[in-house]
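These notes open a run of structures that come right after.
Two complexes follow with chain A in common, the first pairing it with chain B and the second with chain C.
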Partner chain A sequence: MFLDWGSITTFYGQLLKGAGLTLVITGLAFAIAIAVGLLVCAGRISRVAPVRWASTVYVEVMRNTPVLLQIFIIFYGLPSLGLRFSAVTAGVLGLGLNVGAYLAEIFRAGVIAVPKGHREAATALALSKVQTLIWVVIPVSLRAVFPALSNMFLATLLGSSLLSVIAVPELTGETNEISSRTFLTIEVYSFSTLIYLALTLSCSIGLALLARWLFPRASRS
Partner chain B sequence: MDFTPVWNARWLLLDSFLTTLLLSTIAVVVGTLVGAIVAVLRTLNVGILNVVLRAYVELFRGTPLLMQLFFVYFGLPMLGVNVDKFWAAFSAISLYTGAYVAEVFRAGVEAVPRGQVEASTALGLTFVQRLTYVIAPQALRVALPPLVGVYVSVIKDTSLATVIGYNELMRRAMELVLQYGRPLEIFLVVGILYFIICFPISKFSEWLERRLARNGA
Partner chain C sequence: MPLLTMNNVHKRFGALTVLNGINMSVEAGQVAAVIGPSGSGKSTLLRVINGLEPIEKGTIEVDGVSTASLQGLREVRKQVGMVFQQFNLFSHLTVGGNVMLAQRLVLRRDKSEAEKRARELLARVGLEEKWGSYPSQLSGGQQQRVAIARALAMDPRIMLFDEATSALDPELVGEVLGVMRSLAESGMTMLVVTHEMNFAREVADRVLFMDKGSVLADGTPEDILVRPTDPRIQQFMRRLTEH
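Up next is the complex of A and B:
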């Protein structure tokens, strides 16, 4: 057993580039997820029954099948219907659509968390529907669901490693590539594990600070 | 759409479906045991042990399962430990599950009011008695719905074992795609197979949550 920790210094640049791509993928996928989540959440509480059913089916299907399979369907399956995506696009889309289903449920819980009295008060104060949404519903529910959203962000970060399976050179992909080329398996996987830990740790600290800034009173209570 | 290749491969798919179920079941059982042991040991509040257990939980929850699978399957042989595909998949997924289960149980334990633990200590209950009669019944009630939720994730996550070549449902699907083409049809059918096992368990978790919330307080 001869571990050669010195040699991996050669690959710092490649691994950091991979980590950068991991962050970009996470950000893009989470942005898609928020858009999808809001849309599907609106569908889930819609008064139009077919819209409600379709949104429910979406949430259940996405949450009860593996995300890897969803990425495969987009990357390998859709081209037979004439829809072709690059590996990065397919991966970001698959991850975003999957996380979106979870976010829809989180948003829904947030909307339910707004006390009925708040809404009635807003109506009594002659706030319009849009004003009520912006000034009453969103601030109150965002605060309620922020911890759950933070967790989903971290899950997206970890989930982005799946894109390595369709040959996207993010952190896991670069790690595999270096490992199979140099056989510095233990060294390079250990190092990438540390990078992932650093990423998840700094993201969770960042999100906690963001929560503190967004909801000043919440942190004091 | 042409589903004949899928239909012709139905027994192969069924066989791999059972493999997925088997791997999931074993990982769920072992992961729950690991998680329960970690959670119980953490209630002991022994300094150095707590640090080790926390490091375990943070390490496995803070890195992707995919990395853990690669580490076990490609890394351990470099240290002279030979692992076959099943053992690599099983041990990585179980340890990963254990970390999540440990956190679910810890949340359950923390939901038990401090005063009850103190009261039972004052009554002279031993650690084991305290655990079995005071903490566990209440902690389990809180932990059960999210625990079942973790199990659904485990079933879906076994699909990652395909990257180390373990022949579960996802791997079989990819092989069939390579052999016959028809990726859309094959992956759709495989998706249905995952769905029919995950969906009822998800619903069960939601039902538990509603029921326990109603009877609680």
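Up next is the complex of A and C:
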């Protein structure tokens, strides 16, 4: 068997562009996921029963159906209702809405993890509900859920490769394209795998550093 | 006019009546100890004052302000400091951060003013050198003293203590009682739920004995602790001295 590693160098630029788009998609999808997650989490613990039910249905449906199908519905299905998105937009939306359901559950666990005494102390000190949320509940729960959030971020990064199926030219998409054009199959897929590995590892390290900076060791209860 | 007044206060948890028509008042400068068997409603008595638990019936006034309206309740919370059995320090904030947070957010003090007040109070409870430590780095007794400083930083009119020393190792009880004692001597109005009978006898002007959601007896430490006439109080005191 003959492996032509040298020829890959020709495609560095294209692969790096794909990797760049992967990062952008991941960042945007995760931002949407955080917004959706906060909203749905608030819904899950709402005092209004129908809001609670709707949020639960959302979480269960999103988590118990394939994300690829959800993306197909947005990309292929919604145009028949007059909503047309570019492949990138549809992919970012689909990924964000899906990951948002997971984040909602993580946030909920975080809110539950805040000791009741913290809230009572804040109330006794005359902090308003919003002040308590911003200055006590969110910081304490963020610390509790940060590892889970980091994992979801990495899962989102890897999951973004699904968007290649609707022809988004992110890293996997570009890899497919090069492979089918040049037949450097093993070489280019192995190389992309290494790029993914480099991306996830550097994100992991970055997130770990962020955690160390945000949460000094001794502040962990 | 008394600083704290409770009129016919009723509180239920489901079918269980926990406060059954409480009538009592505390004068400014007075130190009142609350004693009584477990489950008699002592903690609940404190918790309804600043609205940690809503009441079904009756009125509560602090310095003439009723807790019935949301606005009144917020005003009352500023006037009432509370110290919990489990300290309840904010684990994500340093000692200084704990003592400054509500000063900044509620009293709108600027940073230097809040810090000055916080340092003063930490010095008063003997912990000025712990400014940058986190609660997890402190002993229980130190945490409780920080919690007292945090409550005092709001310049409250009255301080509520709910078994402030019950969660502490025996050797740490003294340092917290010492702070409470000097607070009482400084003229602070205090309502103190406690199992420390020596503290109640030596520091309190008044002792309230609670049983089944009512104040069964209200008198001097001498009346209640030394020469109780009510058989239920006699029995309670006997149980305490047995171990």
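Here is the rule we go by: the second predicted complex is superposed on the first by the 217 of 221 C-alpha atoms of A that agree within 3 Å, B and C clash if a C-alpha of one lies under 4 Å from a C-alpha of the other, contacts with A are read in each partner's own complex, and residues count from 1 in each chain.
By our rule, a contact is a pair of C-beta atoms (placed from the backbone, for glycine too) under 8 Å apart; a residue touches a chain by one contact, two chains touch by 3 or more.
For clarity, every value in this text was computed on a predicted model and none was experimentally measured.
Student: With the two complexes superposed on chain A, say which partner A:Val57 touches: chain B (first), chain C (second), both, or neither.
Tutor: In the superposition, A:Val57 contacts neither chain B nor chain C.
Student: Please indicate which partner A:Thr193 is in contact with in the superposed arrangement: first for chain B, second for chain C, both, or neither.
Tutor: A:Thr193: touches chain B, not chain C.
Student: Check the residue A:Ala35 against both partner chains and state whether it touches chain B (first), chain C (second), both, or neither.
Tutor: Neither: A:Ala35 stays clear of chain B and chain C.
Student: By the touch definition at the top of the document, which applies to A:Ala126: first (chain B), second (chain C), both, or neither?
Tutor: second
Student: Between chain B (first) and chain C (second), which, if any, makes contact with A:Leu68: first, second, both or neither?
Tutor: Touch status of A:Leu68: first partner only.
Student: Counting residues of chain A touched by each partner, does chain B or chain C come out ahead?
Tutor: B
Student: For chain A, which residues count as touching chain B in their complex?
Tutor: On the chain A side, the touching residues are 1, 60-61, 63-70, 72-73, 76-81, 158-162, 164-165, 172, 175-176, 179, 183, 185-186, 189, 192-193, 196-197, 200-201.
Student: Mind pulling up the chain A residues that touch chain C in the complex?
Tutor: 115, 117-118, 120-128, 131, 135-136, 139-140, 143, 215-216, 218-221
Student: For a test of understanding, state which residues of chain C touch chain A in their complex under the given definition.
Tutor: It comes out as residues 50-52, 74, 77-78, 80-82, 84, 86-94, 101-102, 105-106, 133-137, 147, 150-151, 154.
Student: For a test of understanding, state which residues of chain B touch chain A in their complex under the given definition.
Tutor: Those residues of chain B that touch chain A are 58-59, 62-67, 70-71, 74-75, 78-80, 152, 156-157, 159-160, 162-163, 170, 173-174, 177, 182-184, 187-188, 190-191, 194-195, 198-199, 202.
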